[in-house]
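Order of writing sets the chain letters: A, B, C and D. Residues in each chain are counted from 1.
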Amino acid sequence: MPIINYIDAISKGLWEEMERDKNVFIFGQDVGDYGGAFKVTKGFIKHFGAERVIDAIIAESAIIGAATGAAVAGMRPVVEMQFSDFVTNGFSQLVNNTASIHYRWNLSCPIVLRMPTGAGVRGGPFHSRNTEAWFFHQPGLKIVAPATAYDAKGLIKSAIRDDNPVLFLEHKRFYRNIKDEVPDEEYIVEIGKGDIKKIGSDISIITYGGTLHQSIEAAEKIEKENGVSVEVVDLRTLAPLDIDIIISSVKKTGKVLIVHEDNLTGGIGGEISALIIENAFQFLDAPIKRVAAFDIPTPYSPTLEDYFLPNTNKIYSALLNLSKL
Amino acid sequence: MKFPLTFEDYKSLYYYIKLVREFEESILRLYRQSKIVGGAFTGYGNEATSVGSAFCLNKNDYLFPMHRDIGAHFVKGQSVKKIMAQHLARATGPAKGRDGTGHYADADLRIFGNISHLGAMIPMATGMALASKLKKEKSVALTYIGDGGSSIGDFHESLVMASVMKLPLILIIENNQYAYSTPISKQFNVEKLSDRAIGYGIPGFTIDGTDVEEVIKITNEACERARNGDGPTLIESITMRMHGHSAHDGAEYVPKELMNEWKEKDPVINFEKKLIDKKIISNEFKIETESKIKKEIDEAIEFALNSPFPNGEDALVGLFSE
Amino acid sequence: MPIINYIDAISKGLWEEMERDKNVFIFGQDVGDYGGAFKVTKGFIKHFGAERVIDAIIAESAIIGAATGAAVAGMRPVVEMQFSDFVTNGFSQLVNNTASIHYRWNLSCPIVLRMPTGAGVRGGPFHSRNTEAWFFHQPGLKIVAPATAYDAKGLIKSAIRDDNPVLFLEHKRFYRNIKDEVPDEEYIVEIGKGDIKKIGSDISIITYGGTLHQSIEAAEKIEKENGVSVEVVDLRTLAPLDIDIIISSVKKTGKVLIVHEDNLTGGIGGEISALIIENAFQFLDAPIKRVAAFDIPTPYSPTLEDYFLPNTNKIYSALLNLSKL
Amino acid sequence: MKFPLTFEDYKSLYYYIKLVREFEESILRLYRQSKIVGGAFTGYGNEATSVGSAFCLNKNDYLFPMHRDIGAHFVKGQSVKKIMAQHLARATGPAKGRDGTGHYADADLRIFGNISHLGAMIPMATGMALASKLKKEKSVALTYIGDGGSSIGDFHESLVMASVMKLPLILIIENNQYAYSTPISKQFNVEKLSDRAIGYGIPGFTIDGTDVEEVIKITNEACERARNGDGPTLIESITMRMHGHSAHDGAEYVPKELMNEWKEKDPVINFEKKLIDKKIISNEFKIETESKIKKEIDEAIEFALNSPFPNGEDALVGLFSE
């Protein structure tokens, strides 16, 4: 099977869906001739034309609102935020209008919001946001956060086909650093389904997005060095959460480490912890632990950012502590 | 719509303008009888603007009315019964009790009611205008904003977008002298809000919002430009909010003289007078229309009051499209 | 001691602080002659003048941004959102600028954002928001949510004196429905300190704001009817969380019910649950349970809203179930 | 500031304009040497606007520079060393490595650097203008926005607010023909962005942003109005972004002819030529100034490169004011 970059997987998925459905269009800053700040839509405008790959003004509230309106009117907009951070400017549209269209109006709102997400690229406080916790708390939004090329392609296609608003969190650190096997044949990854990325029996890591690969690394390290068998559950979809895959892993291992790149307090790790307690309390052999970024804005300087972020070592240490409980 | 107006048009307009006034009187009565669970807004003084502007729309145009625009709902084809059920939070309203007043959508009629966040519907209307352009539908999107609401960023972002993308959007600023308790002197510092159009490179007009013919003339031209691919229009309609902000508000902050001045310009009374004076309608027709409206509203009230509230458990149904 | 309304307690606290410090000023829509949509600042403009009680245009992003700028320049703005819901329009200012001023600039930003909050008043989806979870996740913001007149007055005073941004969530259902003893003498309630509103030994309720009184009612009912002794912990401050008061109550009772009016998923109940697990796992005799609003927008119709919200009966049932575990 | 400019003023301006150009050249060199960990922006083409506008400010005026305005930092008194340390993410920069480039504040100098969210500083500048008014300080708040960034809601909300509250705010739109890869033809549809001022009822000017004297003249008048209580001014400064959006961007999307046209208007070269032609400065002074600047920059680079990165653990200090 061909091995391709995470970013190319997203581009291919977008391209195929645009070929499949002429109502799909791309809308965002610099997405046309320039192909977007990260070049995800490079070459699209030549093939699909300027009516389907539309450069937007710098006005995220109008962009999200207009895409919402277009979606209700039967189009299938795929919006690109230049960086996830700037979704804050369209926050009101997203949580008030977009999220509740179906509940209030009984109408579909098939909009995909692509957001280059996350830290670790020396982007500083305003180009590094993990935005999932805000939207996870908003009823009516679906959220996916793929961490492999395979999942990215499969999920962008599902997101576009979904009749609901879907936030597509693509980790910008992965674009050209993560590559894996992606079949040439048509496939999708279902929204709402997690994936066991590594089987294990002693501890479950529940993670997604930015910290998946570090989690796998730490799991492999502790297996090799300490003989502890760790299962790595990749949520892939954050809303709706795949509670079944979490609970069945926890029932097997009895110990849980939740890992996310987002700030600790109020991150979705808290909700996952609460759900495990509510659904599998009697299976727990130790307290649930979390590894996440510290509760500060993402600092710019490499020394600060490295200290601030979760990493393989921090996850390994947490696993080691858990294994001794 | 064709301009100038025909006799039939005038009669139709008369019916709608009277209907709005009577409908809103009935809402206030229901409010005083504690039959309305939340707030109640009226568009007293705004009838000519809401009715006249919506009168210019075709069936497949998109309408985004605001909280003073019940008239626009009716003109676009919504039934009095359904709007009444909305106000009474019943299961038979289009929003099935999930939201009240004009807060609902009717996709068949292409009516998309507002949410409470002022300005929030302008980007959505812009998006429907974009959809219209992409689909080559020739539909226009018409929406409204208050004098106060026109300060919100969404107003600006949408007009920049619609202008540069040449979208068929019409935005009417309903300048009714107040935003809640705040007079326009504390909200902006410009003679005519339509001058904002200059900064977007689009046509802008300030009109007498109590004169339904003027409203129709200017909105109709805007529709034509929009359908011809000439982009958006900004219209400032000068009116008066002749009631309090909502039914609970006595509007003591409005100087009596100002209110009296505007009573002279009551759009319903003046339009009726003009039609009768010009013999476009007869006194008979007036009485007929009034009793028809009374009957319609009475039936709507009965329908709504006899309609059930939604079942509590139904609250959990339909968050997502399956 | 005089018994006063929750709303009057807020007004009095504001008034006293404005008398104390001439840099304090009020900024919001209709706050001047009209006294605000809920009349919290009724009469203020006559006493303090139009330079200290300032009517704002309808533009929440500019309001929050301008207040932030004024605060950095040495003023102490107290901003009123007409309803908490509208803070979404100033979201970007709040989470990007306001919250991180001290971290990035090492400058104080003493701004108070008063937000009439919460449901149960037939306000429908856009006049009923509980907004705490979003801001709880944003490092750099303090959040208080008083549920009594005493706490409301004490906390508005502390909020104004704090050199950091403080979100003051005043529950609009309480304004004229909750009254209690408020001393005439000067006092404050410290930010960051919870309060045991009812002592008990079998189960701990952790709650705040909109669900405090229902929690107390349910606790009293189960004590009377079933002989179960319930402790009610009122967080009062949500950020920073008073983890000590939570943990010491949990250690005593061994069973926990978390109650909040906000939507369940991603609400701050998840974080509280996770913290309890991390800090008092061995003291738990039963899974931690939560009672919260369902995961939908706040519906308008009374039947729907009543079904949607937590209430005394739901809390009582949850306590009863917990008592049997 | 007094207008017209004195000889000393011209010399000072010459120094700053040259400093900016040399500073930015050095930043690009450091970027190519991979000494800059994140992005690197320059204000090539914008020197006259950023230097000239800040030149009008007093010590206690508030400055909110944007990402093309390094010149304004220097004029307002910031040291080359500190700005260099900022760019290199060192502990010795005013933001102590927590943010880079011009993203910091220096309360003593009343410099408040931007955050990345375009438009976000306009409300904050408006708030400082409000503080100035409330404290009767007579300070003005000066800020900037790009042609692209001027579409953002905060632009509109702030100007409505500043206008109706008569706040001493000056907003300069730096219209440099592009927003990242997007030409202005796709961003707005109006001849002059300063025409937006009409809709706010405030003075608006479109000026040649490569001509430092014109920039100073118009900004200075705006400052005077602001200090006199006459409210805000909107200035559109026409310039060219003569580099890519940031150092990684080759700007292949800019037509060669357009770039060449603008090279004729290079604000640094032209200003120098004019000063020498008019004998305001001598060739000697030029050489002196250049070597002074070179020394300053070399020292700043040395200082910054020898400065430590912050300690990782320090990341956790100072979220709140205690």
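The working rule: contacts are C-beta pairs under 8 Å (C-beta built on N, C-alpha and C of every residue); 3 or more make two chains touch, one makes a residue touch a chain.
These numbers come from a predicted model, not from an experiment.
Counted as hops between touching chains, the shortest connection from chain A to chain C is 1. Distance from the centre of chain C peaks at D, each centre being the average of the chain's Cα atoms. One inter-chain figure worth recording: chain A and chain B are separated by 41 Å, centre to centre, where each centre is the mean of the chain's CA atoms.
Centre-to-centre separation of chain B and chain C, using mean CA positions: 36 Å. Shown for chain C are the residues in touch with two or more other chains, namely 57, 59, 61-62, 85, 88-89, 92, 96, 103-104, 125-126, 139-140, 295-297.
The set of chain D residues touching two or more other chains comprises 95-96, 98-99, 103, 115, 117, 151-154, 156-157, 160-161, 164, 186-188, 319.
Taken as a contact graph, the chains are fully connected, with every chain touching every other chain. Chain C makes touch with chain A in their complex at residues 85, 88-89, 91-92, 95-96, 99-100, 103-104, 125-126, 133-134, 136-140, 239, 263, 265-275, 277-278, 281, 284, 286-290, 295-297.
Within the complex formed with chain B, the residues of chain C that make contact are 29-30, 33-34, 37, 55, 57-62, 83, 85-86, 88-89, 122-127, 294-297, 299-308. Remark: chain B residues 37-38, 89-91, 95, 97-100, 103, 115-118, 148-149, 151-153, 179-182, 186-188, 253, 309-316, 319 touch chain C in the complex. Put simply, chain C touches chain D in their complex at residues 25, 51, 54, 56-57, 59, 61-75, 92-93, 96-97, 102-109, 139-140, 142, 163-164.
The touching residues of chain D, counted against chain C in their complex, run 62, 95-96, 98-99, 103-105, 107, 112, 115, 117, 120, 122-132, 134-135, 141, 153-154, 156-158, 160-161, 164-165, 318-321.
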